[in-house]
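In the two complexes below, subunit A is the common chain; its partner is subunit B in one and subunit C in the other.
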Partner chain A sequence: MSNALQTPVAPPRNGFSLGKIWTDKRSRGVIIQIFATAAFFAFIFWLLRNAVANFETLGKPFGFDFLWQESNYDINQHLIEYDSRSSHFRAGVVGVLNTLLVAVCGIVLSTILGFILGVLRLSPNWLVNRLSYCYIEFVRNVPVLVHILLIHGILVHALPGVKAVLKGATDDASQQFFLTNRGFYVPRPIFESGIWLVVAAIIGGIAIAMWYRRQARIKQADTGEQSPVFWMSVLAILGLPIVAYFLAGQPIQWDAPVPGRFNFKGGMALKPEFLALWLALSLYTAAFIAENVRSGIEAVSQGQTEAAHALGLPRGRTMNLVIIPQALRVIIPPLTSQYLNITKNSSLAIAIGYMDIVATIGGITLNQTGREMECMIIVLSLYLMFSLTISLLMNWYNKRIALVER
Partner chain B sequence: MSEQYLPGEHPDLRPPVGQTGLLLWLRKNLFSSPFNIVLTILTVYCLYLMLPPLFNWAFFDAVFIAESRDACRAAGDGACWGFIEKRIGQFTFGFYPVEERWRVVLAFVLLVVALVPLLWDKCPNRRQAIWFSLLYPFIAYWLLLGGMGLEPVETSRFGGFMLTMVIGVTGIVCSLPLGILLALGRQSELHIIRWLCTSFIEFIRGVPLITLLFVASTMLNYFLPPGTTFDILLRVLIMVTLFSAAYIAEVVRGGLQAIPKGQTEAADALGLKYWSSMRLVVLPQALKISIPGIVNTFIGLFKDTTLVIVIGMLDPLGIGRASLSDIKWTGLSTEVYVFIAMFFFICCFSMSRYSIYLEKKLHTGHRED
Partner chain C sequence: MKTMTKLALGAAAATILLGTANAGETLDAVRAKGHVQCGISTGVAGFAFTDDKGDWQGFDPAVCKAVAAAIFGDTNAVKYTTTTGKTRFTALSSGEVDMLARNTTWTFSRDTDLKLDFVGVNYYDGQGFMVPTALGVASATELDGASVCIQTGTTTELNLADFFRINKISYEAVPIETNDEAQTNYKAGRCDVYTTDASGLAATRSTFENPDEHMLLPEIISKEPLGPLVRHGDSEWADVVRWVLNAMITAEEFGVTSENVDKMATGTENPEINRLLGSEGDLGAMIGLDKAWAWRAIKMVGNYGEVFEEFIGSETPIGLERGINGLWTKGGILYSPPFR
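Take a look at the complex of A and B:
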């Protein structure tokens, strides 16, 4: 034993040898990185060289000037002025707006449905609980594209045709909503000049509600007295605009669809493509959100509820003040990726002919002009932009509500 | 006068009615509060409204064998499954030559055989059987594409559920190792490697799969040496693999981050090199906790195989849409899509059940929750 301790250990040799470069962790790291960089740039260079060579053999120019040519195609749903003489650029803008429209509508509906389903899934009522479980499992395990096509098929084939609806409608003149296989006809709002008063009232109402909420908090912190925050907010946000609406002389008129001989006049139609995409995306994503909500609420330990009850908080307050704030922290991150998924899945619109960005720029424009490279670059970078924006927003929100730890 | 018993000798009394069996269960689960009573009654009423018509449509009034849509409509008002029955061959095999279809069936049976030792750890002779599983991809390739004594079949004739299985299984098998490598790269201490992996993952996750498929079908030719053409199915397979690898990388990264730093340090202290410490210490623990996420990604991949219709490949949805344009059978889209939905539901639901089973089996941690 003691012998072994006394045996002199040879000092490490400091001489240079080629093998050492590889055995030393740091120099090996540098070598690997140099090789990786070189390989990466070589690969990019190879791709670019091929692309240049291919463009030359085909005699194609590269550039985005084609965006200002006439598009020569129609888009059946456009939120801004558009016809077949507009430019490809404008077609692209219409596509982006359509994508955003269905994404935003989908996010709103799926969040509402998802939270309801998630809470039902936790219900102590066996029947409700099982039913929502069946719904969630069935919807989650079927591709979203099948949902879209199925709902679109049902809307187109099972709903009555325009002619049949027109025939039935003549008897009843007061009807304002018509569900046909060419779309859901609803009254269109026409805004008159007094509308700014209502808008101002809505903004003012929200501001007053927020101010009141803050005052109530301060008051509670000082005196312990509670104020009816919820009802006052409802009054401010809903009541004020209603008063303003009548003061301004009812500035919103409704242009109801009137059955004509061959089609409806006036009103606006929600196209079956939009309806199918919206419903399918919302129903599909709601099932995922429901699972997130459920796991979020389950992540709050039972002790929290018991502690709240021990403090004498009633059920509703326990939920609002103890459970939900903690559950939200768990729910928000996966919710973000669900919102991203809705936005990305809206690209499936092309399968049923809803004209989103993939169908306009990446579809018809691409086929008409033959500019695959430019069109795909536009589409890909737009989606990247959407995704980055949503994740930045959600990260910011996430940081704000994150637990402050020591 | 009741009977007299010695202390402790009194036989147990039966619990009061309503505290046992069915009645107790009903009271606890369906009628525990006024609100629950209302909820139960409402739900039962909704079910009463919805279920009978649904069953009538799907089974009792349905027509299972018919020659055309009109014959179906004449025979009953329910679903027209006769259409599916007529086209089941196409739905399963696509346009694979009829006389060669046994090869697809054989490949499928062998797939099941190859999966057994992988998925079932108590399988007899597991070690030997796994050799067969490793060999399986080559056998399947030979069986499906032909050559070496078999009639060659072009990939453009693949279709239906068979195409779904081909894309799904290949994607799953190839994307797992790639995803693990990407995750390790993203956690690496080498800045450039980390940066490359991160940007690749974020790019792929930021765009929809459908645009990547478009890239594969329209743009890829520009980036290859002039004159190269390669199979569209291969391009799709590469894109699907890259796509799901990026998602798997994120799931595995979550697992890697959950492993305490002490584990790597302990492995370092034992003198393990990077790859050995990853293989023996870190990854087994990290993969174990990421199993649910990985299986979810696989389920997503399997469902995403339907997207290949947008570039004109004939997966079940493509076959369905093509056959719906047949004038004899027009207007039966609900039946077709419900049928396809059932197929996907069965596959994906069993995958998710298996993941739950695996999760329970591997739950060897010390946390009691």
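Take a look at the complex of A and C:
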């Protein structure tokens, strides 16, 4: 629209002429864009064709058939059924799940830690605020790989050796939790058929809590009376499943780890590789998130706090109802990029032997089958997919909490 | 249809052109740049290590040095690229290195599907297990439920999975990137067992403070013929590396050492020695080198036996016996094709 205003096109005197397409600013712009796009795609196509042709010259035809061959290697941490007889594809799925596991756990922990640190950083208490400041400056100025190696080193070298713990466990059979340098062993839940009642109770509890919250809002809008929303929610979400658990005859059995000759048998283990990666990524990213949170809170003008206080809102409510909702608008966009960083940094797992997607498809499978191009394409597209999904979710959330303009 | 045919013809022509351009190009490229780019391991005592001058030494770099000596007459005309078990094949097939000499097992799929060419065997090895003596294990079949440290991207990884599956016992694989990391984890007790080629285990054990506190289990669960390899498709270059290795083995067979090679090169009673050292015939020209290629390799690096004894033999801390790596004339299986 504005273009038309800036360049008034003279009415064509002698009809259409080819030269005018080029002299006209608008059509020239379109032509240049068409050519640039075509050249770009031609370049990409040329690159890909070249690569495929080179591989074929080498005698390695491009294709993904190798994914269905037997993988022949074992993976120490797998969330789904897997052994060395499974296919490379399944090994890839195990890797994807391991990547997602550490990414999701990392995002949760780093968000919690980051918010706490960010708020502490603004505390009027000098000691608390300095401690938080020192932590943030120390952690975020050391590369994350160093953190990973450091924490892995501490876990493997400083935690008690498995032999001593095994001996202790044999002497005292009542123990159920064991912390060793081969992992943190805990009892594994075995679900029996009655478990559906508990699951239903959890879902029902959440639904009741949400319903109660809405009723409380309506009631407050009508009468100004407040209801104990928090405690009622806790009661519904926790209380109901507990009642259901006992009604269904305690449908969860615990498979406790028992000492074997070399390791504990049974139970579940959090391996030092997972722990190291998870903690390192979370602690590192939390420092960045803390700074985001601080900047978000500081971006809310002091006048807002004063106004809230003047209305008689106590400190906690001022924070929850006035400051945080406004701060979130500043916090969310950079938070998204921190979440992306956690997901991508999880590929450093390779340094300590955590079997993520880079270690399985991008590592052992690549090495055993020699399909560099294909494996790298798979790994690349997967990371792209993870990142785009996170961006999508965060953008949706960002839109939801954005200032509604009337 | 017509365009398709044209495209296909074009592609075929391009393939043929590229194909012919490949032959012998590595040797020419090596000559042009003035050094051999050699892929080695990140370090295994005796097999590949840096000396006090920062130069790579050991049983594997010796092959690279011998190739450089044969081509340039200079053992320093080698540049080394350290590779892990995972990066080695990509480094070779992408052309980053000209040859690999780093305890790599010759297997069917590597030789064919991975488009590599193994040119010979410089150490016949097998996969073994090392455990702390205090663990009280006498056989690998007792290892049910143990944690096993293993280098990723190796044949040992596959053998291990097979061995435990066949014996119907369970284990926890602890994947590790390099030999050094594996040692650290093994010593820290992250794993009960360290498994790799028996020669590598002996080398690793020799570097421990108390080697007596660790033992190798009697089982050797695989055949691991280790040898140098090159890219598939350049037979001329493969010939050079293959015959340098064979020259070192043949030299030992006929008693040619780095000490006496000068004297022998003037001519002996044995025509095969004469052909090897270039005083009779011109074998060098057939692989694109001069007459004295083998003489230089033996003079500057030594014959197979000398290299073995210098770096990994029974007099060294590694203390490996010749065993099956002895000459075929002395009860081993080292056997070089004749120089004729």
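We take it that the second predicted complex is superposed on the first by the 358 of 406 C-alpha atoms of A that agree within 3 Å, B and C clash if a C-alpha of one lies under 4 Å from a C-alpha of the other, contacts with A are read in each partner's own complex, and residues count from 1 in each chain.
The working rule: contacts are C-beta pairs under 8 Å (C-beta built on N, C-alpha and C of every residue); 3 or more make two chains touch, one makes a residue touch a chain.
Just so it is clear, the structure is predicted and the values come from calculations on it, not from any experiment.
More residues of subunit A lie in contact with B than with the other chain of the pair subunit B and subunit C.
When the two complexes are overlaid on their common chain A, residue A:W22 makes contact with neither subunit B nor subunit C. Of the two partner chains placed by the overlay, subunit B and subunit C both lie in contact with A:A351. By the touch criterion defined above, A:W196 lies against neither subunit B nor subunit C after alignment on the C-alpha atoms of chain A. By the touch criterion stated above, A:F45 is placed in contact with neither subunit B nor subunit C. Judged by the touch definition given at the top, the superposed model places A:G161 against subunit C, while subunit B stays out of reach. Of the two partner chains placed by superposition, A:F177 touches none, neither subunit B nor subunit C.
When the two complexes are overlaid on their common chain A, residue A:F64 makes contact with neither subunit B nor subunit C. When the shared chain is aligned, subunit B comes close enough to touch A:L145, but subunit C does not.
In the superposed pair of complexes, A:G260 makes contact with subunit C only, with no contact to subunit B.
Judged by the document's definition of touching, subunit A residues 53, 57, 156-157, 350-351, 366, 372 lie at the interface with subunit B and also at the interface with subunit C. On the subunit B side of its complex with subunit A, the touching residues are 29-30, 32, 36, 39-40, 43-44, 47, 189-193, 196, 203, 205-211, 214-215, 218-219, 221-226, 299, 303-304, 306-307, 309-310, 317, 321, 331, 333-334, 337-338, 340-341, 344-345, 347-349, 352. Within the complex formed with subunit B, the residues of subunit A that make contact are 29, 32-33, 36-37, 40, 47, 50-51, 53-55, 57, 123-128, 131, 137-138, 140-147, 149-150, 153-154, 156-158, 344-345, 347-348, 350-351, 358, 362, 366, 372-373, 376, 379-380, 383-384, 387-388. For subunit C in complex with subunit A, the touching residues are 11, 14-15, 18-19, 85-86, 89-90, 93, 109-110, 113-115, 135, 143-147, 152-153, 157-158, 160-162, 164-165, 171-177, 185, 188-190, 192, 232-233. Interface residues of subunit A facing subunit C in the complex, by the touch rule stated above, are 53, 56-60, 72-76, 83-85, 156-157, 161-163, 181-182, 260-263, 265, 272, 350-351, 353, 355, 359, 363-364, 366-370, 372.
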